[in-house]
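Below you'll find a set of structures to go through.
You will see two complexes here that share chain A, one where it goes with chain B and one where it goes with chain C.
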Partner chain A sequence: MSTLRRVGLYAALTLAALTFIYPFLWMISSTLKPPFDVGTLELIPDRITLDNYRTMWVRAPFGRALLNSALVATTITAAVLVLGSMTAYAMARLRFRGQPALNAITVVVLLIPGQLTLIPLYTLIVKLGWIDTYAALIVPYLFNATAILMMRQFFLQIPHSLIDAARMDGMGEMRILFSIFWPLAKPVLAIVAIFTFMGSWNEVLWPLLVVREQQLMTLPQLLTVFALGGGAGSLGVSLASAMVLVVPVVIAYVFLQRYFIESMAGSGTKG
Partner chain B sequence: MRAEERSGWLLSAPYVAFLLAFALYPVVFALVLVFLRWDLVTEPAFAGGDNLRLLAHDGRFWQAVGNTFVFLSIHLPLQLVTALALALALNRPLALRAFWRAAFFLPVVISGAVVAILWSALYATDVGLINRLLVRVGLAPVAWLTNPATAMPAIAAMVTWKNVGFYVIIYLAGLQYIPRSCLEAIELEGATAWQRFRHVTLPMLLPQTILVVTLSTINGFQLFIEPYVMTGGGPLRRTYSIVLYLYTNAFSYQKMGYAATIGVALAAIIGAVVLVQRRLIGKAEAL
Partner chain C sequence: MPSVSFEHVSKRFGDTTVVDDFTLDVADGELLVLVGGSGSGKSTILRMLAGLETVTSGTIRIDGRDVTALPPRDRDVAMVFQDYGLYPHMTVRENLSLGLRLKKVPRQEIDRRIAWAVGILGLESLLDRKPKQLSGGQRQRVAMGRAMVREPKVFLFDEPLSNLDAGLRAQMRIEIGSLQRRLKTTTIYVTHDQVEAMTLGDRIVVLADGRIQQLGRPIDIYRAPANRFVAGFIGTPRMNFLEGRIHHEDGAPAFVAEGLRFDVPREDVASVGAVTLGVRPEDLLIPSPSDQRPSTVTGRVVLVERLGGITHVHFDAGPHRLMAALPNDTAVTVGDDITLGIRTERLHLFDADGRSHL
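After this line comes the complex of A and B, so read on.
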């Protein structure tokens, strides 16, 4: 490639990268500006203030929402890994009568669109009396068909001699799964963990339906309600509240970006 | 019972219970709800074909469907072109390749709620970044989200920005499977860069293109948080999406039967559109 074309390519890439990064930099900078300066083009504020952060922290329970989000996403991720791998192990490595049907049904479950089941699930949660409970946010996500199929696919590749040897040693199926399969399956478990956690962390439609009590809201929900309800009052405050949701994700992303990209692109899940 | 048979059932029992309660039951009950009138407070009443008749004549529902097609007609071409262009730019030995890829992917990991709030600020008529840039270069500011003509295109552009990194990765994966020998062979025959792209790269990326079209279509029909946060469905209901209408019927009007009917219709529309798209792409390829 000629030098000229090379310069052109890098210029275009820089412009493209700026298009994706600049809005976030502008967002950070806007949260640090006093009200009259918000929105100016300058990235480095003339006067730096933390007022926007103080205001949003006082006006709505963002600390509590952060804990709620962390609790919900962690519980769901743990369940999808532990319960899901038990299911995947049975589907991949144990011969029992229901096994072929279970495999087929799991593929069908993947194809059910979420909009179809949204309202019936909501009425189910209402009938169970789970509105405004953690159960409403967690239980419908305890299993994930994509995760089960990914783990099953991996488990199928583990040599059968390993299982036979373990059984000879008197190991039960649970021990085989957690002390032999889990260490071998680390890469796939990491991928499942990331897309499950991110999916839960970013989810907003379902919490909007099943949670009304402010103390139980997850971060994206509280953020939405806060921005829409006029609680924020100003752009700077509203953007500052969005930072609570962004910062943990961006820190994790900077350190684990390869896994993030592999995980979220591979699963077909988007945040 | 054999030990393996027993363990198999024991290990999959929680999953089977979950499927019955949270997959089978909702699907069946969705179809039941279509024939019910239910506000969650009083007892559900049989509504016959009322919900379906209402849906067929509900101008607001069909406007939401129309809005989604407006959204897709802008979003799909934009998404395909930008994703492919960025993937082609990255598909060569580059300094900082991981950085470029990570930069393009950044908005994908950010919550849709945050992106909607951020872009409301970027699009804001007076203090928004985009209008300030326009004014700086001597152009007139645009009322992006409050003008009925520009609101949906503005949202479509934003969603493209949010998701493009995801599709870049899909195209990059596809580009790795195109054998170098293939491209070199027709280069020797004197094919120009455009001809190489048009007759080798593009046809060989067909599976990825189908995937990108299918996923962005499904994603487009699920449009919710963007209009919910940015426009409330306005101006003049031009950005009202199907899911937003479903949500409003369930949450604000407590019409469970009708909301479920919209859900069933939406699932059917998505299925039909994706099938038609696959046919069309297949035919375009045969030409």
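After this line comes the complex of A and C, so read on.
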């Protein structure tokens, strides 16, 4: 590639990157500005203050919401990985009656938009008396069709002789799954974990429906209620609460980005 | 007592019968080869013995004990797979020891067995490597080591050499043979390669369509194939087949086919109708003053393959394409007419059903 073309390419890519990152940087900087300066487009604050964060923390139970979110998202992610991989293993590698039907149903579930099941699911939760409980936040998400299909697809690529060898070595199905398939499936498990965790962490609509008690609210829910309900009082405080929401996801991404990029590149270079 | 017995074992998948009424005894310490094309049921038989596949009907015994319904780990067998089946995320040492650890074998005993196996297989320096850091031949040795450390009653090999290149395959074949003779463990070896079958097996079972076609010592099967399938399957280069009839003219039997006729001066040939005559390429000879054959076949050479040691000459005798394996100094070229003597004492005749007639 000629130097000129390379310069052009990098300029275009830098511009694109800036377009994406500018609003984020602006948000970070705005949370650190005093109220009067928040409206400006500058990235470097003249004076740095943590007042916005203090105000936010005092006005609503963000600490508790952070814990709630962590509990809900972690439980769901763990369940999706464990239960999902068990289902995927059975679908990919075991022969049993009704297996084709199970495969078909899983795909169909994938095709139904979440909004469609929202109301029936809500009715069910009310009937079960689960309104204002963690169960309402967690149980509907324990199984995830996308995750199952992703893991099933990966498991199908693992040579059958490994299962045979493991059975000859005396392993049961659970052991084969967790001590042979899991180590080999790390990339896909990481992807499923990231997507599930982010999806659960960012979920607003469902918690708004089933939880009204402030002590049980998840972070995005509390944030929505707080910011839209006028509790924040100023843009700086609203943005500060948004930061609390974003930071854990960014941290998770930093730790798992190797797998993230790997799966996006879609390379078949597993050892 | 036989080491392994199959008693009327059948396997069906839905309406498809993969193995049909398979009965066989394998002697203690024997190396038995199951050989056949794809779909012959050879791997299924092995997997049923391993416990990886259920048995539709019949009984399998190991040392007299009925193992038909036992899971693999309780059968005291060990298996080597075509693509090795090594755990990619574990080192060689972990691959070798996993089965023993799961069986709660004491640490010292595991170390002793691993040291013994890697010593025999020459894997000492590779114990801390992962499978992907090994060559094909090394992986194959690790797979064999994993079977050895279990000290099983029976070794099972499922096409273990198919993934190796030709040179390595020949070397590993020799290694497996000498290893088996050294350990004297009953071994059942599945392959589609008749060279492996001929060279390794104390006895061979030739399979087709889930049925035993012939069982016997390699050389016996080579010399007296029970039917046309076995005749065509065992032996390289492949046997020539001619469709024709046996006539008795003045009391002497002769083989007659379209554009072809020669005497078959043998007393054991009765007059039958349509037959398939089989003649191996090495049983067609260039006549020499010391070796004059009364029965000959004449044809025009269409292809000459010089392999170095021998020369394969393909020729057309009338409408029939035949091949002869001749000495390397044979001076023939494409287009020549040649007349070859036939070793009539080694001819094979098969009746209309493909069964051997002699």
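Methods note: the second predicted complex is superposed on the first by the 235 of 271 C-alpha atoms of A that agree within 3 Å, B and C clash if a C-alpha of one lies under 4 Å from a C-alpha of the other, contacts with A are read in each partner's own complex, and residues count from 1 in each chain.
The working rule: contacts are C-beta pairs under 8 Å (C-beta built on N, C-alpha and C of every residue); 3 or more make two chains touch, one makes a residue touch a chain.
Note that the structure is predicted; figures quoted are calculated from it, not measured.
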| item | value |
| --- | --- |
| Fit or clash - chain C, chain B, common chain A | fit |
| Geometry of the superposed three-chain model: angle at chain A (Cα centres of chain B and chain C, steps of 10 degrees) | 100 |
| Contacts of A:Leu245 with chain B and chain C, given as first, second, both or neither | first |
| Partner chain(s) touched by A:Glu173 [first = chain B, second = chain C, both, neither] | first |
| Which superposed partner A:Pro61 touches (first chain B, second chain C, both, neither) | neither |
| Which of chain B and chain C A:Arg97 touches, first, second, both or neither | first |
| Chain B versus chain C as contact partner of A:Met198, first or second or both or neither | first |
| Partner chain in contact with A:Thr117 - chain B first, chain C second, else both or neither | first |
| Touched partner set for A:Pro23, first chain B, second chain C, both or neither | first |
| Superposed model, chain A: greater residue contact from chain B or chain C | B |
| First, second, both or neither for A:Ile148, with chain B first and chain C second | first |
| Minimum C-alpha spacing, chains overlaid - chain B and chain C, in Å | 8 |
| Shared chain A contacts, counted only where both chain B and chain C touch the same residue | 271 |
| Chain B-facing residues of chain A, complex | 9-10, 12-13, 16-17, 19-21, 23-24, 26-27, 30, 38-41, 83, 86-87, 89-91, 94-99, 102, 105, 109, 112-124, 126, 139-140, 142-143, 148, 172-174, 198, 201-202, 204-205, 208-209, 219-221, 223-224, 227-228, 235, 238-239, 242, 245-246, 249-250, 253, 257-258, 260-261, 264-265, 268, 270-271 |
| In the complex, chain C residues that touch chain A | 47, 50-52, 71-73, 77-79, 81-89, 98-99, 102-103, 130, 132, 146 |
| Chain C contact footprint on chain A (complex, rising order) | 159, 161-162, 164-171, 180, 183-184, 271 |
| Chain A partner contacts - residues on chain B that touch it in the complex | 4-9, 11-12, 14-16, 18-19, 21-23, 25-27, 29-30, 33, 38, 40, 86, 89, 94-95, 98-114, 117-122, 124, 126-129, 132-133, 136, 161, 163, 165-166, 169-170, 173, 215, 218-219, 221-222, 224-225, 228-229, 242-243, 246-247, 250-251, 256, 259-260, 263-264, 266-267, 270 |
